[in-house]
Every structure is written in C-alpha cells, then in structure tokens.
C-alpha cells in the first residue's frame, strides 16, 4: 500500500510492494532533481532515516534511501539511478543529518559524489585507499531486470505480466531484458 | 531549597553506603573463579572445536569419508584440502609414487589426504552440515596451542588413526 | 658503648637513622599495601587476586617491581627532561620526611617535635608540585590536563583538610602528634573520631582526594585521560609515582589514626601494633571505596569541596573552638 | 582531497582536516584509538576549550573488514559465519537479520520450533550483550567492580549458548530456513534457572550502581537527546526509547513469532544518559519474560526447513529489520538468481547512533564525552563492518 504522502513527492514511479516478501511497502523511483523535495515531504510526515545504500547496476549506480515511521510496518524505499560516468546526487544531510555518514560510506564504496555534502571524504576506508571496492567490473554488472522482483518490473512496465503459474527462480534470472 | 539539597546529599550518602554494603558482601562471599591449571571448567564437552573425521563403526581408523569434496566447497574460508589418489588409467601399471589430485577424483572413494588449516577455520560448521555421509564432526578439544603456524595444518587422517589407536 | 650512646644522643645522627628506618618502613608497607590492594580488589570482585607468586601471591609486588625496573625508561622527545625526571623524585622525597613525627609507641620518641602536624601538612603539600611538573614536563596534552586537574583538586581539598585537622588540634591543644595521641583515652569513645565524627568524615574524604584515589582519582582518570599526569612515564618512572601514591596513603592513614583513632592507644596492650592495625583499617576502607564507586566528574569534585566540605569544616572548627573555650 | 605534507605538519590526514583556522585558547586532542574508553578501535578528534568540548569528530575504520564485499564473493550459506562477526556482542540478531531476509526473499517457511529457539537464543544473547555494556559503561565511568559481577552472570549465558551453538561469542547458529542444530535437552531448564538467577541479581545491580549518587551525577542530564534529533539521525533501539518513543522492531514489525509474545517496551522520556541506562536495565527484565515464554511454549518438531545446499533465491530484493541490542538491524539482500548475492547491505544501528555523538558531545566536558560514548552502547566492529 502506498502512503498518501508519496503523491506529493514528484515520483516518476511509485509501486506498492508486498511487505511479507520484500520488507518494504512501497518503492518510489525518483531522479536526482526530485530527491530533495521528496525527502522534505518524508521529513514533514515524521519518517526517520534508516540508511542510504548504493548498488552498482548496468544502468548506473542505484542509490536507495530507506525510511520508516516509528511504529508499524511502513518501510519506504526511495530509489534513483545516477550514471556511472557522472555519479552525482544532492546530499540530503541538510534535512536528515544522519545521512551524513551513510553518504560518506556510499562515497567510500562507490565513489558517488553527494553535492553539497559538508564533509565528503573517506569514512571507513583509509585515507590513502585508491578506488572504490564495491564498484563491479563491466562484465559482472547486472541490469535492473535481473535484480528487481518481477512484480516491480511488471508495475513499471519493464516486463510483461506472467501467467499465474509460478516459474522456477533459475529461469526467472534469464528473462529476455537481460541483454539490453 | 537548602533543605532539599541537604536531603539530596544525605540520600546520596546513603546510596554510597548501600554500594559499600554490596561490595562488602561480595568480599565475604565465595570466589567464582576457576583456577585454571589446578581445576577445569565442566563445560568442555559442549565445546565445538576443530572438525575431525569420523571412523567407520567396524574399522575406527578408516574414515567414512568418500572424498567427494563437498565439504571443501562449502567452506567459506577454503581451509579444507582433500586429496585423493588418481586411479591408474587402464593399461597402466600403478607402480612407483602414487599421484594425488584434489577430490573428487573419478573412481577414488577414500581420501588420500585430508588437511584442515585451522588457522583459517572459523568453526562455522558448514562442512559438517554439507557432508552427506556424516563423515565429519566437531571435536571438543579446546587446547590448540602452538608457536608454530605450521602446527595448525592438521592432518585429519593421521589424527583419526591416532584416536583409533588410543 | 658510651661513645655509641653519645653518638645516638646527637639529634642529627638520630634524624638520619630515623629517616633511613622510615624509608625502609615505607618501602615495606608499600609492597604489602600493593598486595593488600590487589587481594581486596580480588575478593570484592569474587576472584582470588594474586595467587601464584609466593604463598597467596605475597611476592607479587616484588615481581612487579622487578619487572618495572627491567623496563626501558623513555623520555618524550619534546618534553622537558629535567622537569620530567625531577617530578617522580619530588613525589617520593617528601614522603619519608612526613613519617618522622609519627608517634609509633608511647615509650619511644626518637625525635621530639612540637610542630609535627605542621611538618606533615607542609611536606604533603609538596606532592602536588611533582604532579604538576610531571604533567608539564612530559609535553603531553593528557599529562597537561591531568596536571591542571591535580593542582585544582589539591588546592580545593587542602582547605577543608586543614580546617578539620585544626579542629582536632584545638581540642588537643597541641600540634605534637605524641601529645595529640596521648590526649585521647584508651577506649574508642574517648577518641576524637567519636567525639568529633564530622571532622573525621571530612578528613577521610579529603584524604582520599589528596592521595588521588578513586572515586577522586581525576588527575589520573584512566578512562578519561588515559593515565593523566603519568601518561608518558614508563618503567620505574611510573613505578615511583605508584609507590608515592601508596606511601601517601599510608601517611594520611597514619595521620587519621593518630588524630581520630587514638594512635597507639588501645583498650589493652598499648603500643605500636594498635597504630599499625588502625592504619590498615583505614587503608582497607580507602581500598574498599576504590573498588566500589564510579569516578566523580571534575566540577562535581570541586563542588563537593567548596560547597559542602569547606563550610562544614568551618562550622566544625567554630564548634570545636567554642567547646574548647568552655572547657578551658 | 586535501594535500598532506608530512614534513611541515604533524599528525595525519584525519587530524589535519580537523585542524581549525584559529586555535586561540583551544586544544586539539586526538582521543584514541589507543584510549581506554574508545577500546582501541575508535578515534575521536576533539577541540577542547579547557575541559569543555567545542567540537568532536569520530574517525572510523579501524576494524573495517568490508563484509559487504565479502558477501558478493561467497555463496549465501558461506556468508552466514560473517554475521556472527559483525556485532560480536549480539551475533544472534545479525544471524537472524540475514537468514530472515533470505527467507523472505525465497519465501521459506521456518518451522515453529526453530522460530521459538531463535527467540530464546536471541534474547539470551541480548541479555549477555546488555551485561557487557553495563560492565563496560561503568568501567568507563571509573567503577571497576561491576564488570566482574556482570561477567559472572554472562558466563552462565555463554555456557548455555555454548551448549546450543558450540561457540561462546561469534555464533553462526542460524541457517536459512531454521537453526543449525536442535537445542540440547536441558536447554529449557537451564534457561529458566538463569532467568531466575538474573532476576535475583538485578536488585543487587540496582543497589550497587543505579541508585548510586556518583553514577547519577555522571549520567543525569548528560547527553540529552530530543525525539526530533533522534529521528533525523536515525537513532534506534534503547537510545531512541530513552527519548520517549516506544519503537521496537520486535513489536512494530513483529518478525518471526514475536507477535505471540507478551512483553513491555521500556521507555523513558528524559533522553539523557541515565534514561538510556535505565532502558537497558529494564530490557534485561523484558528479555527474561520473553525467554520464559519461549522455552515454556517450545513446540516439538523439526528445526530447519528443507533448503538446498546450493541455495538460490529468486531474483529480487528483500530486507528484514531485527531489533538488536543496540537498535534496528537491517540486512538488505539483492539477488540476481545466482549462487552468490548481488549486493548485501548491512544497516548497523550503532552507525546511526554513533553519528549522534558529535551532536551530543558539543559543549560538554571531557568526562561527559566518555559517559555519552558509553551510554550509546557502541560496538565498533558493527559500525565499521
């Protein structure tokens, strides 16, 4: 179930997720331009920040922000994709100061540039560490169609709705879009 | 104002006296320390130490292991090395030094060598769970002391034979 | 024989002999006290304490001392070498002097001194100078913080300490420790500790603070300042500070035993054993405190002194003056 | 990145970055990593005005092990032992978060008995974690003895858990679809005996410490945290509950079978170090209640669901939030349908709680900083991962 406040977030896509299967109730896709407004909406609603994580995909670095309310099952995931050659997204540490370290961690592991961050340098890795350890090699990267749940793909129109019979997971990994 | 402060100070002093009472009681109570070399803890039997091979019921010095190599693959830290004899090819006469290759080897049903590098092992038990033949189990030996790193490369076959002998 | 007696009669000779004797006495007591501390700490924490070196671990302090002597002495490169090494010496030197006027036994007074109490107070005040020098000379920020704390703490607690001692001195009408001890009766209720419990309490608290013992061990608060003023000391440099701390404990316990517990007085068999027994009772109490309480914060420490102990000690002194005046 | 010239400056890059423009009357102090109250793995740069802290910045990474990278190199099963080593004090909760996230992803039903065993061992582990915290916190405040008493109690738990898991600290007991092995026959009896013992000891804990005037002076009114600041920093667990929010993943997200248990979430409204202290002590009792219910209702049956050794979850992503001893633990797993995870993200509660420190320490004294640091209950390996 998608909370009402999502409507005000300027999302490109908002998909309700099955909490029992994924642990989140809704996935909200955004762009670097809309993330600040969206986070401000959540702040007003009283959400707390759980984490900021990144993941290296074919389409670029996917940055996910997880938010929850203090009570109940209502985890929201905001996701946006930034290109590999210019991984840049505005920092949300102005609204949620707790994001400061999470963003520094993403900078450490992926080299994502959080513009406007007050203190963007190594947090967990040593100062003289070269490179970003979680960036994958070109040939091992997977696309969104390979790593997202089928229901999400269907909802955003990246896959055709399947026939109701359950498919074997091994076969699911080889859906056609993987070649894109 | 002043009186409440004095009252606070007095309750504070009382709390300190109570604290002294607690430690005073402990001073008179019995020690709980187990003084190690003279006495030992009674919980060693539940300790899960480095894995060991299980011998066959009828022949305790022969391992149940069939050298399939599953345990070595399951291990997160690659600390198991299982070698088995490379069987002689048809027509060849198997003489001279026998060669060993990493398990599984086709046709080889016993391990030729079973090495556990205990310095890498994290005692997670993945190998024990992975084994379909119940040929591995935890030992409960907590004493594993050496100044030599090489001593932690445990030859499990030799240890099995030693156990069977004793 | 005659010449020997003559020689002994000379005060300078007796002073030197007595100093040497006291030095040995202190050294022995420090060793015993280290063992007692560790044993008490052990039993309080439900463990046996040192056990393996000697019977019941009695030789453990000796082993510790040997280990400390074997360690390398490191001087901080940027530190002031003279001050740095002067500090531990200065910490230990006054301790011996402080023991000269102690009344061990009523029948034996090698160096009669009518201002013995003043001597002890004066020389024990020197200790803080050594802490200050140690902190400053090591050119370490932790050391500096420790030294600053030590000075402020010492100044704060010297005042109520002196006032509480004064109250007793006025009651006894003397500053000679033999006279003060002799002035008290043989039974516990005749001791000043029972007659003037407030002064005794104030003295004990101040004594713990002056010797930098927990819960007032702020100059060396290990979880805050790593080791405070002696952060940079290694080997025997640290060892001497360590010994000085224990020697200071023996002194304040000795003074407390004389002033408040009647010194060598006892219901039967009067003599030096009563004095030693009382010293060790007070030492046990101080050790017990250490292994029970958390450490106070620095501003709270100063508040306790200036807002509670000093006014109380003044009040107590005034009462003592009135009582003494009425008696006279 | 700032250039660093070791010939002209002393210190290192971290301290060089911290150096302010003007140090008039101020002192820059590097607290740690070899400092007794940062336990050798944390370093905090402090700007001091006398004993007052003007600015504080923690420097992390001293025990960074890159668990997230390791996850991508190993199969799902092989990564389980790592979970015991993220937070060594509450390893069971991390075990659960990882196993649970995968069960969610693959839709695996965990047998009843395994669920109850999970609850019991996790709560036992929570008690042992709180006991270590209690001792270590008081050690930081200068009291040496409490840690010995709490370790005496903790030994009992470790003995029970050793009989269950075979190890004493870094458990890898959970497996996908259940638990590694069944509990020994006397587990219930021993757990109940321990719960009774702990209950009788708690009054001693209170007498010795909680009521102590010196401790109250060191904790009350120190490091006050308002709900709003806690929310923006993402503080969870006892730190959040001490600010008056009854938020607990065991209740709010009721993973496993926690919805079948009756327990109270202790909260205090002061938000200071003392409130955090009280919350944790109360949680000891809460955990005792849960353990009692878990072992008395322990059903018979299998302890692990049928899961292939070559476990391959379907593609997709899932996360599970678990209430650890320090707060909300979340493990996000992303699968591409292969043998190895595509990405595992570990959300450590201590990470968010630690970032509060700069905020809380500002304007307090050096001794208070130690008290605040202790009251946040930080396990640095969990923060550094």
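Each chain carries a letter (A, B, C and D) given by its place in the written order, and its residues are counted from 1.
Convention: contacts are C-beta pairs under 8 Å (C-beta built on N, C-alpha and C of every residue); 3 or more make two chains touch, one makes a residue touch a chain.
No experiment lies behind these values; they were computed from the predicted model shown.
Shared contact partners of chain B and chain D, listed by label: C. Taking the mean Cα position of each chain as its centre, C sits at the greatest distance from chain A.
The chain pair with the larger count of C-beta pairs in contact, out of C-D and A-D, is A-D. Rounded to a whole number, the gap between the C-alpha centres of chain C and chain D is 44 angstrom. The distance from the centre of chain A to the centre of chain D, with each centre set as the mean of the Cα atoms, comes to 25 Å. Each chain gets a centre from the mean of its Cα atoms; for chain A and chain B, those two points are 41 Å apart.
Centre to centre, using the average C-alpha position, chain A and chain C are separated by 65 Å.
Multi-chain contact residues of chain D (touching two or more other chains) are listed as 145, 149, 152, 208-209, 212, 214.
Among all residues of chain C, those that touch two or more other chains are 44-47, 291-293. Counting partners per residue, chain A has no residue that reaches two or more other chains.
The touch graph of the protein chains shown belongs to none of the named shapes. Every pair of chains meeting the touch criterion is listed here: A-D, B-C, B-D, C-D. Chain C meets chain B in the complex at residues 40, 42-48, 51, 288-289, 291-293, 308. Across the interface of their complex, chain C is touched by residues 27, 29, 34-37, 51, 138-145, 148-149, 152, 208-209, 212, 214-215, 217-218, 365-368, 370 of chain D. Residues of chain B touching chain D in their complex: 11-13, 15-16, 18-19, 21-23, 26, 32, 43, 46-48, 70, 74-76, 122-126, 129-130, 138.
Every residue of chain D that touches chain B in the complex is listed here, in rising order: 74, 77-82, 84-85, 145, 149, 152, 159, 162-163, 165-167, 170, 172, 175, 180, 184, 204, 207-209, 211-214, 216, 309. Looking at the complex, you find that chain B touches chain C at residues 9, 16, 19-20, 22-24, 26-33, 35.
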